[in-house]
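You will see chain A twice below: alongside chain B first, and alongside chain C after that.
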Partner chain A sequence: MEGVMQTDAKMRTESGAESSPRAPGCSLRHFACEQNLLSRPDGSASFLQGDTSVLAGVYGPAEVKVSKEIFNKATLEVILRPKIGLPGVAEKSRERLIRNTCEAVVLGALHPRTSITVVLQVVSDAGSLLACCLNAACMALVDAGVPMRALFCGVTCALDSEGTLVLDPTAKQEKEARAILTFALDSVERKLLMSTTKGLYSDAELQQCLAAAQAASQHVFRFYRESLQRRYSKS
Partner chain B sequence: MAAGFKTVEPLEYYRRFLKENCRPDGRELGEFRTTTVNIGSISTADGSALVKLGNTTVICGIKAEFAAPPTDAPDKGYVVPNVDLPPLCSSRFRSGPPGEEAQVASQFIADIIQKEDLCISPGKLSWVLYCDIICLDYDGNILDACTFALLAALKNVQLPEVTINEETALAEVNLKKKSYLNIRTHPVATSFAVFDDTLLIVDPTGEEEHLATGTLTVVMDEEGKLCCLHKPGGSGLTGAKLQDCMSRAVTRHKEVKKLMDEVIKSMKPK
Partner chain C sequence: MAGVVAVAAESLAGGRARAARTVLDQVVLPGEELLLPEQEDAEGPGGTGERPLRLNAGVRARVRVVCGPGLRRCGDRLLVTKCGRLRYKEPGGSGGGGGVYWVDSQQKRYVPVKGDHVIGIVTAKSGDIFKVDVGGSEPASLSYLAFEGATKRNRPNVQVGDLIYGQFVVANKDMEPEMVCIDSCGRANGMGVIGQDGLLFKVTLGLIRKLLAPDCEILQEVGKLYPLEIVFGMNGRIWVKAKTIQQTLILANILEACEHMTADQRKQIFSRLAES
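Coming up: the complex of A and B.
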């Protein structure tokens, strides 16, 4: 089943509930997702957010080295390859974040003493890279048929010097921003699975970003559902 | 009897304590271990600090060198942190290239520290501070200890005065005149461990980190602004739980700041 389909998703979400004179209507960029495009991995997905594009491949559940095996769950491994150069410390840090997010969601207890490997390749980076990686990883895990207790999605927020909230920032917006916050939210209760931030911001701004991210995640999950429905309903 | 139970069912053993709102080492759920700090112990480094958080021991040494300022920020210098987790500190680390834990910690520290006023001559010369953070004993909560050690060492750094000679365009270092760094923000990290998706405990030890279902680190500065909210996966948290963590982080910041001010004051007469 070669489910090659692209779904347009231009969404609009309002920023937090405060009535201060800030620019309303933070919109997410155009999304597109393609599944099952690689023949070797058990599951693969390519996720596009504006100009940022990440290709993910999932191998698993597969054989695991005895030194790495865990007796009662699957061992999850994430490899992130940057577009240019060799993977460095920043990639290791991101791999750890993505791996821990996946571990919280994947039902590893169903496949003990196996390994599930997620390989991510950055195809182009135009802002919100970590969120795009998370989305691609989730879609690839679904394509591979790995049992999960929930889906997850990544959302990036940028706060500029005046305190305006921008969702899904471009590379230019990220550079000029005072703070960049990336969240991973789960689909069942919109709880915060993973968070990583850079820059200074206040507690109130954090709550505002979190609320905006939760609203945006709803659109992302609807997009997931629609794209999967379209893929599996070939009549 | 208890030791046997602890070996066979470590999680159940912990749950028994958590039900009574305390932990095996006698602490409350929101209590930190005894923190001690010692600064200026390494005489060959420009600045140094040793921090002990219970059994977790971390030492930070800072060396200053010259470098050309970055092209996109000609009036700033560099702060290059490097966290090293040698096999000395714990049996889980092997010798060789830095493992994942060390790299993640280095990246975490690099994201928090702001570039201070390290410029000597804009566009031509600036200081680069190489911060080596070495863990001597790993018993959990490495991020808090590393942040504190780095901050204390930065406060201890004394840089000599540098003038650029007009004729030769070379830098002249006056080792007799030394001045402290001007540090604007004081980031203090507070780490939490999540148990069974609901319970939050502060300052986890090595065993607690191993049994936890997730961790969370909040880095705050003195104005209540957040420098970093680091939650690498693990069980989900609601907004209300995050609020509790914030308030605990604020109190922790006050405690740490008080401790550091005391230590700095006791050092000053030198």
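Coming up: the complex of A and C.
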């Protein structure tokens, strides 16, 4: 599998898949990531997967309100704003999933009584939104210098009515799928940090999706590594 | 599923820790584990269980290694917690063995560290202490007696909104940070209230460290341009003052831009300014 890399002044892109048409079940869309693009937050990143794009900003470790402070670790907050409209229940539930993933990975015990806030803005949604949000949040946390015990990534799988597995589905594939499974995996041993699923699937299919996601996460982590190496090679 | 990916031989820290020595000056990512030199010997050639016979088996000289920012101790190994370049400093002098390992990362947010000299802004006066904003998660406290020549009768002239240059005496994750404007001998040593006028601006922490490195040419070149007064705070704040407002603004812009410019671009800009 070859990766095509173009080095622009600011855009760091890597194609983690063959170019169109996708081989069924096996490939991820084109990735791109840009870090440190916002001036106000302590860390920021923009992550693109195909046409899905999410912008993330991280503030922290910063002051926290006394009502929200935790005496022995940092208070992690995630705010997800949809592209149009006010945030609703779906955003709240995604925020909670992302927050649980981040809490498992961020070393909050090093900064007690502080707050770390991750703000995510959906710029365009063309499928696998939660996975893109997770990736953007991870890159933004790294950019902000928040201490973490591992990196994490999100991968989405869709199962269509015949049982074919598609990784990183587009919006159309998601609508036609019988089940959509999103996993968050960590970088040390590719363990499962978070999973959320929607639809009908069997036990064996769950294991198959998980294995495919673990294999795909290698690409994502390799892309993270190259993206960060390029960033530090400039200084 | 089998055709998914020709899994590349390298795995991202997939359970295999690398020796710290081999990764020096390379970019390391959070989650990687690093082996310290003495442990590599224990792993042995191939680690198949063959070890050289030692006469004093069981007694191994331990070297004390200091774990700097960005690294944590995790059992016998070092766990990387921030992304950046791994650096190492040899132990200087006779005693201290092992040296220091740390990760050079780019960050904007400051976390108070004991002994750091910082520029703070006084935000409140309450009783005997001043509350000073240093850019961390909590305002630091500064006692009014912590100035040179200050006594209970002779209070220092500090108002809300003043700039203070001081150092931390207490700075850990569990307590509120405390700073003082005198050194251990009771002398100010350059610390205290920063004078009138001038401009305070914020840069990244990495740039401050770069500018304060012993062999930094940027400062020397800037000094040749205009006469100036400059104060660097390790919390990413720089205060600069030149003769006119225009010169001050030019200096502030140059220092902010230094982060992204290469040495050649910098020299071009300096030569253009020197002419005008």
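The rule is simple: the second predicted complex is superposed on the first by the 209 of 235 C-alpha atoms of A that agree within 3 Å, B and C clash if a C-alpha of one lies under 4 Å from a C-alpha of the other, contacts with A are read in each partner's own complex, and residues count from 1 in each chain.
Rule of thumb we're sticking to: contacts are C-beta pairs under 8 Å (C-beta built on N, C-alpha and C of every residue); 3 or more make two chains touch, one makes a residue touch a chain.
Since we're looking at a predicted model, the values are computed, not measured.
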{"item": "Joint occupancy of chain A by chain B and chain C, clash or fit", "value": "fit"}
{"item": "First (chain B), second (chain C), both or neither touched by A:P112", "value": "second"}
{"item": "Which superposed partner A:Q121 touches (first chain B, second chain C, both, neither)", "value": "neither"}
{"item": "Touching partner for A:A184 - first (chain B), second (chain C), both, neither", "value": "first"}
{"item": "Which superposed partner A:T170 touches (first chain B, second chain C, both, neither)", "value": "neither"}
{"item": "First, second, both or neither for A:G145, with chain B first and chain C second", "value": "second"}
{"item": "Partner chain in contact with A:P61 - chain B first, chain C second, else both or neither", "value": "second"}
{"item": "Contacts of A:T101 with chain B and chain C, given as first, second, both or neither", "value": "first"}
{"item": "When both partners are placed on the shared chain, which of chain B and chain C touches more of chain A", "value": "C"}
{"item": "Touching partner for A:S202 - first (chain B), second (chain C), both, neither", "value": "first"}
{"item": "Overlay on shared chain A, then closest C-alpha pair between chain B and chain C (Å)", "value": "14"}
{"item": "On chain A, positions contacted by chain B and by chain C", "value": "186, 189"}
{"item": "Residues on chain C engaged by chain A in the complex (per definition of touch)", "value": "1, 3-8, 10-15, 27, 29-31, 70, 72, 79, 81-85, 105-109, 111, 136-138, 173-174, 206"}
{"item": "Residue numbers on chain A that touch chain C, as the complex places them", "value": "1, 23, 25-26, 36, 42-43, 60-64, 107, 110-115, 142, 144-145, 147-151, 165, 186-190, 208, 211-212, 215-216, 218-219, 221-222, 224-225, 228-229, 232-233, 235"}
{"item": "Chain A-facing residues of chain B, complex", "value": "100, 103-104, 106-108, 111, 185, 213-214, 221, 224-239, 242-243, 246"}
{"item": "Parts of chain A lying in touch with chain B, wherever the complex brings them together", "value": "89-90, 92-93, 95-104, 181, 184, 186, 189, 191-203, 206-207, 210"}
